[in-house]
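Just dropping this structure here.
By letter and in written order, the chains are A, B, C and D; residue numbering begins at 1 in each of them.
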Amino acid sequence: MRDVEVVTVKSIELTSPIMIEGLPGVGHVGKLVAEYLIEELAAEKIIEIYSPHFPPQVIVNPDGTVRMVRNEIFAYSSDEIELLILVGDHQSNTNEGHYILSEAFLDIALNYNVKRIYTLGGYGIGQLVEKPRVIGAANKPELVDEMKKYGVEFSENEPGGGIIGASGLILGLGGMKGIEAVCLMGVTSGYLVDPRSAQAVLRILTEILGIKVDMEALEERAKEMETIVARLKEMEQMQGEIEPGEISTEEHLDYIR
Amino acid sequence: MRDVEVVTVKSIELTSPIMIEGLPGVGHVGKLVAEYLIEELAAEKIIEIYSPHFPPQVIVNPDGTVRMVRNEIFAYSSDEIELLILVGDHQSNTNEGHYILSEAFLDIALNYNVKRIYTLGGYGIGQLVEKPRVIGAANKPELVDEMKKYGVEFSENEPGGGIIGASGLILGLGGMKGIEAVCLMGVTSGYLVDPRSAQAVLRILTEILGIKVDMEALEERAKEMETIVARLKEMEQMQGEIEPGEISTEEHLDYIR
Amino acid sequence: MRDVEVVTVKSIELTSPIMIEGLPGVGHVGKLVAEYLIEELAAEKIIEIYSPHFPPQVIVNPDGTVRMVRNEIFAYSSDEIELLILVGDHQSNTNEGHYILSEAFLDIALNYNVKRIYTLGGYGIGQLVEKPRVIGAANKPELVDEMKKYGVEFSENEPGGGIIGASGLILGLGGMKGIEAVCLMGVTSGYLVDPRSAQAVLRILTEILGIKVDMEALEERAKEMETIVARLKEMEQMQGEIEPGEISTEEHLDYIR
Amino acid sequence: MRDVEVVTVKSIELTSPIMIEGLPGVGHVGKLVAEYLIEELAAEKIIEIYSPHFPPQVIVNPDGTVRMVRNEIFAYSSDEIELLILVGDHQSNTNEGHYILSEAFLDIALNYNVKRIYTLGGYGIGQLVEKPRVIGAANKPELVDEMKKYGVEFSENEPGGGIIGASGLILGLGGMKGIEAVCLMGVTSGYLVDPRSAQAVLRILTEILGIKVDMEALEERAKEMETIVARLKEMEQMQGEIEPGEISTEEHLDYIR
């Protein structure tokens, strides 16, 4: 197996699609949005990407069959828009692998004449988020201005420490290859899968793309998660003061993924 | 030394053997079963596999001689069945090594015209197992149905988190190369070497293969382990309540390997 | 992307410049000095260095744009002196990467006919430093004697454990390639960014180079940091005795970078 | 820099020397013996070995100069014996590097027509050793018998877990290349540099080699260490019972290296 194996599972003609990346990361925000888009748009898979830089394991499907850890690209095409949506089980497990895989994603983008990429992620702030916000980063100053019009926030100190993994490297390496790229990050606690944050990102993304997507299923999932969080908070209050060494709500939340 | 060195120690003609993998893993269940089969069937070693991805050490034999960490393939051939059995001291110590070695195993399988592989492992559930169970995964839906007939259990949430290492990758990569493969996992605590779980796997495996293997030695080993566990439990009860910070039975068990 | 990508952003003719390395490290002493020099001398960037051995992330600029993690070389040329100043966001994240990158830096040095390199760093002693000191190391005995005249201290036990990363490897590998190199280390606590230590290094370095640099901005930054440290000490005394398990001043300082 | 750089610093003609390896390891036993031999025999350096698999740092000499982390081979030749002695600052810092470097050592051995190698190390047992013992391992059964005559102990369970690093791999890989190799391990606590254990190894090694080496300097060093250990034990007894959480003698010893 070479460093990256790109398998085309369906040939498709596209003029100049927009690429969207939603690999796993903080709060699984990017993954939630990208997978939701694939489902709602009924996008079809065109490419599978395998690599020895992914964790050395297989995923067991609900029916008992297995498959290699992989990343996948789905395509959607309508009269208004063409999309390539990149999702996957895991990001690279090695340092160099992150660079190698991001370059492979960009090679695919160039191959399909992609002119712009949106990478999606979460920005963990270590506490429950009251009001959903989406912060951004981009590989050209013009893109920053464009994004601000849609309510994407840019502030000097967010995200501190840079953007780790594919969502960041696609912007950085993309800039070097002349592909415009924007990263949209839903602000999230970082402790749990956060469909409410995903919703905020999806809302802005669909507005940018000029497409309409039914939000209901995501709204339901967000409500479910809020019910769980509310119950955990209640349980905690009933216990009174938490003893030193006890597990607090935040730690509980860590298990809900 | 290249990434993998495959040394043929004995040339052998086989028509289309079944391959069985039992490398070290959770509860050493797979290793116990595979090594037991080799001994009971008096299989003979045909291949040694060396790699700089194995831990950088040598194994000291009881007679004071040493040998490189390695994986080995044994062959067994009778009128009813042909087997290739893969065992070894360790799995890969690096991320890429897991992929490289699993591919090497499959290349050997293809070379010997292997049409089906059974990978054996343990599935740790974090508590002592009352009733032995064997859960499965496969790289084709037909195999799942076939295995169910032998009592292999398939449930949506087991194994959660996928199958790590060679037992998983052989299924995943094997599927891509057109080799049927099934993983049989003995449910085990994960805290100790588990011959009782190995027995459950061996029972199902021999039924699938249609061969007969004397179970007595494994039964004895299982009873010995149960005696040790029982004694530890007793000791714990005699101590009365365990003081905070004390080592509990489960932690004791961790040392019995 | 190859192991190292060297991008020349501006062609420049130099006779035989002196190279100064100030990559991130203990107390960010080297980085502070090198970046201060670049600013005060208005040196201009001539080279960018990219590598998959850097951490897999991008840096977000204050304006919301991003850029790849990189190292950079700035050039300064006057009637008295020619300088190449190497700075960057991070050092290598992998073992081999440290060697590969240091060799790349030296190849660039050879290319520009560099005859001498000063690498700058901090030497952490685990406690607040009363009197700033600069200790040294070099890749030729004559350089040790030369440096002593400028007040650089050389003692048998400092730095114990050697010099880690580019500041060390440039000396070691440079010696093998026939380039003279000296490492100047500001003694520092190791707990916080230390502009006072950087000042001590800058003072000696400018004397060695025979150039004049306005120290005022660095003096201000050092005073600010001293005010913060003094406040933290005060807070600690007000709390009286620190309870076991409490965070002490030193740990607080760790967050001020 | 390639994976291994072998630099010949002095050409020398040898008929068929014996190689001795004493790289850093448990209790620095092997290193102590090998360096002691080099000093007492006034062996001269013939080879330096560099590698990006060594830790990315330089060693600072007492005079303020630095040098790359390296391994070195010294040669000694008299009417009775020819020796190649391998010593160094560090072993590999990466998994594959251990294999690559051990192969490089063996290539050098083959180049000099080495027929036998002694690798030296320590075997840590986790408690102070009352009576010095030397345990062994070898890559041929005949060598085990031969070593037993010199008082080298071979027992089924020592060393449990195999021999890690160059001392082990040289035996394993050496066996594959047809070079006889023996590992002599001084039993040691594993908590401190152990010249007493080194003495036991040196005594047996010189007897095997049929050479005489003045033991006085090593005896002095062993006595010094015993004085330190005795003082620490005394201090401990004076403190009476050690409070839970206090540092015990054994932990103190860890700092004396």
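Some notes on this structure:
Methods note: a residue touches a chain if its C-beta (ideal position, glycine included) is under 8 Å from a C-beta of that chain, and two chains touch if they have at least 3 such contacts.
Keep in mind the model is a prediction, meaning the values are calculated, not measured.
At the interface between subunit C and subunit D, two copies of one sequence, fewer than half of the residue numbers in use appear on both sides, so the contact is built from largely different positions. Comparing mean CA positions across the assembly, the chain most remote from subunit B is C.
Computed from the mean C-alpha positions, the centre of subunit B lies at a distance of 52 Å from the centre of subunit C.
Chain centres here are Cα averages; for subunit A and subunit C they lie 37 Å apart. Subunit C has no residue in contact with two or more other chains. If the chains shown are joined wherever they touch, the resulting network closes on itself as one ring, and no chain has more or fewer than two partners. Across the assembly, chains come into contact as A-B, A-C, B-D, C-D. For subunit A in complex with subunit C, the residues that touch the partner chain are 92, 95-96, 98-100, 103, 136-141, 143-144, 154, 156, 159, 161-165, 168-169, 171-173, 175-176, 183.
Per the touch definition, subunit D reaches subunit C in the complex via residues 1, 50, 52-53, 55-60, 62-69, 93-94, 97.
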